[in-house]
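Please find the structures below.
In what comes next, chain A is part of two complexes: it sits with chain B in the first one and with chain C in the second one.
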Partner chain A sequence: MTDRLSVEQQLQAAFPTLVPDPPSGNNMMRYRLDQARLPEIARYLHGQMHGRLALLFAVDGRPIAQTYELHYLFAVGSRQPWVLLTTELAGEHRLFTSITPSIHAAQWYEREIRDLFGLIPQGHPDLRRLIRHEHWPKGTHPLKKDFSWDTVMGRQQGNYRFRHIEGEGVFEVPVGPIHAGIIEPGHFRFSVAGEPIMQLEVRHFWKHRGVEKLFEQQLLTAAVPLAERVSGDTTIGHSLAYCQAVETLLRIDVPRRARYLRSLFLELERLHNHLGDVGAICNDTAYALPHAHCSRIKERLMQLNDRLTGSRFLRGVMCVGGVARDVDTKMLAETVNELNRIETDFSELESIIVANASLTDRLETTGVLTERTAWDHGVIGVVGRASGIDQDVRRDRPFAAYDEIPVNVALYRYGDVRARMRVRMDEIHESIRLIREIRHNIPTGPITGEPSRSPHHGEWALSAVEGWRGEILYVVMTGENGQIHRCKVRDPSFVNWPAIQWAVIGNIIPDFPLINKSFNLSYAGNDL
Partner chain B sequence: MFRILKKSLKTGVVTGQHPDAIQPSKPLAPEVREKAAPFKRSLTIREVDTGSCNACEMEMNALTNPVYDVERFGIHIAASPRHADALVVTGPVTVNMERALKDVYKQTPDPKLVIALGDCAINCGVFKGSYAVTGPVERHIPVDVRIPGCPPRPVEILKALADIREKQQSSGK
Partner chain C sequence: MTKEQAILQAIALTLAQALVLLAVSPAIVGLIRKVKARFQCRQGARVFQPYADLAKLFRKQPVVSTTTSWIFTATPYILFASTLTAGLLVPAFASQMPLNFAGNIIALVYLFALGTFFLILAGLDAGSPFGGMGSSREAIVASLTEPAMIMSIFAIALTAGSTNLSTIVHKTALLEGIVTDPSPHLMALAALFIVALAETGRVPVDNPATHLELTMIHEAMLLEYSGRYLALIEWASAMKLLVFLSLIANVFAPWGIATTLTPMALSIGLAVYLAKVAGLAVLIGTIECMFAKLRLFRVTDLLGVAFILALLGLLFFYILRG
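Right, the complex of A and B next:
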């Protein structure tokens, strides 16, 4: 309560007329503001109170209200409530003031809102299309309520204007959308003079599948399979975040055993992804041996997932109210035994990797993302923790069983590829430790809870989960008859992609795959 | 050096240490078998993602790990469609990827096979009907082989790919 007061008091002191809404169940303070005041207060939250812009999203209020709402979510400090600023665009009003000039992290969010809702951020320095590629017909804004989810779109002619650098000896290197490896599609445009990269422009959203619109066609309790498929490698992260939001709406009390199992599955997912990444980082320096070992260990983990749940990606495990599959004592013991063997295996490998001087030479000082740049972009997760951004939802806003089994957060300051690999290595050990704790402390009891109410139209809930990449946010708003009115999905990739454009500057193109791999961001989770 | 050798010796051979396929793969159609005849016992594939959730990509990557080791069957993964005998396409075809998919198909030299990997590529899966999805792969390019699953297990992919090769052997004689 003192924390809540302190943030509130600070805001009150700076803006005496500001009054928060009465508290809701979301652990947040909400301020309804006039459009004209919003940029000033957002700037204060960001600049003076060191608040990170965690999410910016719009909601089309129709059919209930003829308004658009804009929500600005700030994370101020650890274990503090969220701060949400809300403003309304009434009637035919389509313009809102951009906060990008003072809060850089808002740039993609505002372009996204423009593409999906047709609202125009005035004063935004870059108003090119983001999600709507140039062939989308003019006036197509899929998240408006009068746009039907199964519209068949036409095609128009158009050109995307890349940022150009001109001068003697400056070349442009286009890469993608289809890449040489087995990875997802995305376009990268490098401007180089000789070897070093002068500029990189990331052009994504090739995989835009209309996920947020598809959510709006589903019932609250039936959308878990879709959440699992937002980004396949983060099946648990996304489905858990979705379930938590729905549980807040339905006031479901998730049993303790289910919360422990949720943490177990989340850590298993973190493990296999981090192991794959450590190997892949080594492989991108042509050091194939650790890659072979890591992918072998990763395969062991995938097979363990399969034995535990019948799915290598832990699909079908999460359900609204708890978990759909229990893990019995024998299976838990077997899991911990297998993880103990894997930890020994990995530790041996780790000492081989760390002792390799030529590898260290490739990784150190490569792709440096400074703490300042990371903060300006609101970078989170593994990438943030490698650049000195001390943030982890499991510690800052405990969910599942993390209030009972505290997490040690790995933190490095150099921001280079090696730091990002070290964060992953530390987290592998930490995850195995957490799973041992889970096995030790897991209570017996039921694994699903029952809803105690049905939510009103227009109620909404926010949920945050620390997936293996970083903070995943879901905002779920109810519509009529248990339908979803709006579901905002924010994968950490959406925040971290723009930052990679700064991490590569001054590096050579052959190091780009390495830097990209050390970020290992999702294209599917970004494009939605 | 000693550490590396010790690690390799201690690990031993792991190839083939995986459970068997649960879903039996469908037998190949005779016309597909004929179409694949020129590739004989090797197959070079190019993977194209047209909007999957990336689980299929992870399982394709798993094929190259020491446990499945797809290369031992003469199956290679090429970096360019121009080097490929077969395209493996994953995901529903999104509005934004439609042209890229058609380009890739054109760039792949004849004769070629198209393999639709995963439920999304076959029938769009959970993304069916969305404004941003233009339909399954077969709406845009002819599909020869379908590997169902969400995602299919690596051993199932392996079996389907090895089938294309093996049937060659018997029909080639």
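Right, the complex of A and C next:
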């Protein structure tokens, strides 16, 4: 299972009648399948070939075709092409077979498809509404093409049934969706016996903005600002993923200098977020000293962002075809100098944090996410790498400049809060190292490329970026006259949120905020 | 001195102590916050900010849930009164408190317990999940601090031959009946210091600066309070902290306290007292910057250590006496 051929051969050997679809590019193998065969092959890919279900999404084919298409994207091994299974629901058919019973990672995707498209996953063990909260009127499925983007919805009454645990001394503790701090809305329902948590149910999707629907109102080349705002703290991650998908569609050859600058901005974004997280984890144990210092360093990084691009959150930097802002040699040198000072500063802080026994006592063995649970949920990114899931898009499917400046992936196996903090600490050093490499190797030249063709209706492209939280996926499909027909956005938060429900079991309630902070998932990126 | 004069003097002294407690306690909270801010490279709010906070809260209209009983509205007054009364039993700047006859160390412990008891009830009263959680945690902490606190002061009481705090402080200040070996005192001091941190909801037992309801102990019980009720509770908490600091300062190092009632001795006593409690506040602020909060169930271990230390202090007293 080391090269492309062998994945294909393996599938061929197990399913002799299976033939890949001709338009398979060199980074993807596509198979068109019947409804009936799909679950079996998906199960084989997941179980026998250790393929991670990376994405599951639906497309409403109207107005060209009266069909819905379901796409199942699997990542099999590193540096392997993606495997995409596609099936079609023709005409009035609204049922499809759920793969959740055998592939747990599909559970939220299938509920999402049900809510947004009205397609029903048969055999799904949990068909409660996920995104479409109970007050949404019956039959509201916003991603169907006959649903206008500016529809004003009515309200209806309805009840969500939480999972109950009954018994003597078992209590339910509802937390949120309104919290005491300045944080996004999310509801957490704990079942506790005393302090230990027996069960947690996460109920999110309180602020559905209809981002995917809004994309469909935009031109391919004009939607970058929207992508930047999918998750406020991941400007570069999302805009880069979007731009890459569009560039594939328009066959734009992004100049090398632009690819280096993209890596630079992506690492800068990772740096300020990771620093904020390390501080916030310490702060949640009431150890406020590192928090203050991390905030100070984070501020320096954001001021650096501001000097480089005119935006503290790196807004307006990406554009289709390259980057909108060049960084001259002098600025690059200044950036590296500032980062060197920051690294010295952070290393000192790091040694204080690691040496603090009372802090270590709080972090170790808290909120353990086992490798098995992580794998079953398809957990990715920082959280995955802390639980032994060796996955990093920068290494596995190099984009931007990462094919020329290889990344050392930080990997820990314990899966506790401390491991998640250590992954972040290691990645801070790694990002600074990468930026030094970028400065050393960056070529001169143009910073934008020109489109060489216009895509025809129905063509689509996939792009993956390792944002600071983890793998961000974008699927962009062309519509008529350069419109977007469908844009599927997958923030890592959507995958990692369900896993937190398992990481907290057996922990005590006062440790939950700490565990949650160590995951630090986006509520906005999750609820599009 | 006539009888009337003596009574007047006693009343004046008691009022003076009450005033000192009321006036100084918010500044102690402000000082701890300032120390923490400086350690975190922040400017921090002024030391006198808590006075402004209290004034603001007293002006605000309190909001009371319709599901609550009389306990909810009575608790702030009970807590405030019991804490102030407890404060009058502990000598602050003068060693002989007129209320000495009224209660000893046991009265002190149970005056605090009375306030805590009502606060626990009030936390449950509104029926919010966080209040109940805070109450149950406070009950665990309170039940474990109580024996440790009594034991640690008993170790000192044995030396002085009295459970009355004024007598203990007065005798220690005049160096009467002091044992040559200070080990019982040191152990009791360590125990009482841990108890003080736990009882007043400081790091590493509780975090007074957090907004995370799920991690709170003391603050979780107060979440439903607002306006003057919250002001009274905050003020009472500040006083409780000051009373504990006075207890530590004066039981273990009473020197400088006014043993006679001359104006000179009283002013020196007041100055020394303020310096001592300010020093302890700085110490607490420093500790809060050095340690993370303990896991909730490790708190019991810490309080167990406090109890054992206090017990060892008692044993040492008998062993050393021969």
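Rule of thumb we're sticking to: the second predicted complex is superposed on the first by the 522 of 528 C-alpha atoms of A that agree within 3 Å, B and C clash if a C-alpha of one lies under 4 Å from a C-alpha of the other, contacts with A are read in each partner's own complex, and residues count from 1 in each chain.
Simple rule for what comes next: a contact is a pair of C-beta atoms (placed from the backbone, for glycine too) under 8 Å apart; a residue touches a chain by one contact, two chains touch by 3 or more.
From a predicted model like this one, the values you see are computed outputs, not experimental measurements.
When the two structures are aligned on the shared chain, A:Q122 is found in touch with neither chain B nor chain C.
Contact with neither chain B nor chain C is seen for A:N441 once the two complexes are overlaid on the shared chain.
When the two structures are aligned on the shared chain, A:H293 is found in touch with chain B and with chain C. Contacts of A:L359 after superposition: chain C is touched, whereas chain B is not reached.
By the touch criterion defined above, A:S6 reaches neither chain B nor chain C. In the superposed model, A:D284 makes contact with chain C only, not with chain B.
Once the two structures are overlaid, the count of chain A residues touched is higher for B than for its counterpart among chain B and chain C. Applying the stated contact rule after C-alpha superposition, one finds that A:G181 touches each of chain B and chain C.
In the superposition on chain A, the residues of chain A touched by chain B in one structure and by chain C in the other are 180-181, 289, 292-293, 296.
Across the interface of their complex, chain A is touched by residues 3-4, 7, 10-11, 14, 18-19, 47-62, 64-68, 77, 79-81, 91-92, 94-97, 99-100, 104, 125-127, 129-133, 150-151, 153 of chain B. On chain A, the positions that touch chain C within their shared complex are 171-175, 180-181, 194-195, 282, 284-289, 291-293, 296, 356, 358-359, 361-362, 508-514.
Touching chain A in their complex are the following residues of chain C: 36, 39-42, 129, 133, 136, 203-204, 207, 209-215, 288-298.
Per the touch definition, chain A reaches chain B in the complex via residues 133, 135-136, 142, 147-153, 177-178, 180-185, 205-211, 213-214, 225-226, 229-233, 235, 276, 289, 292-293, 295-296, 298-299, 302-303, 306, 312-313, 315, 348-349, 351-352, 355, 522-524.
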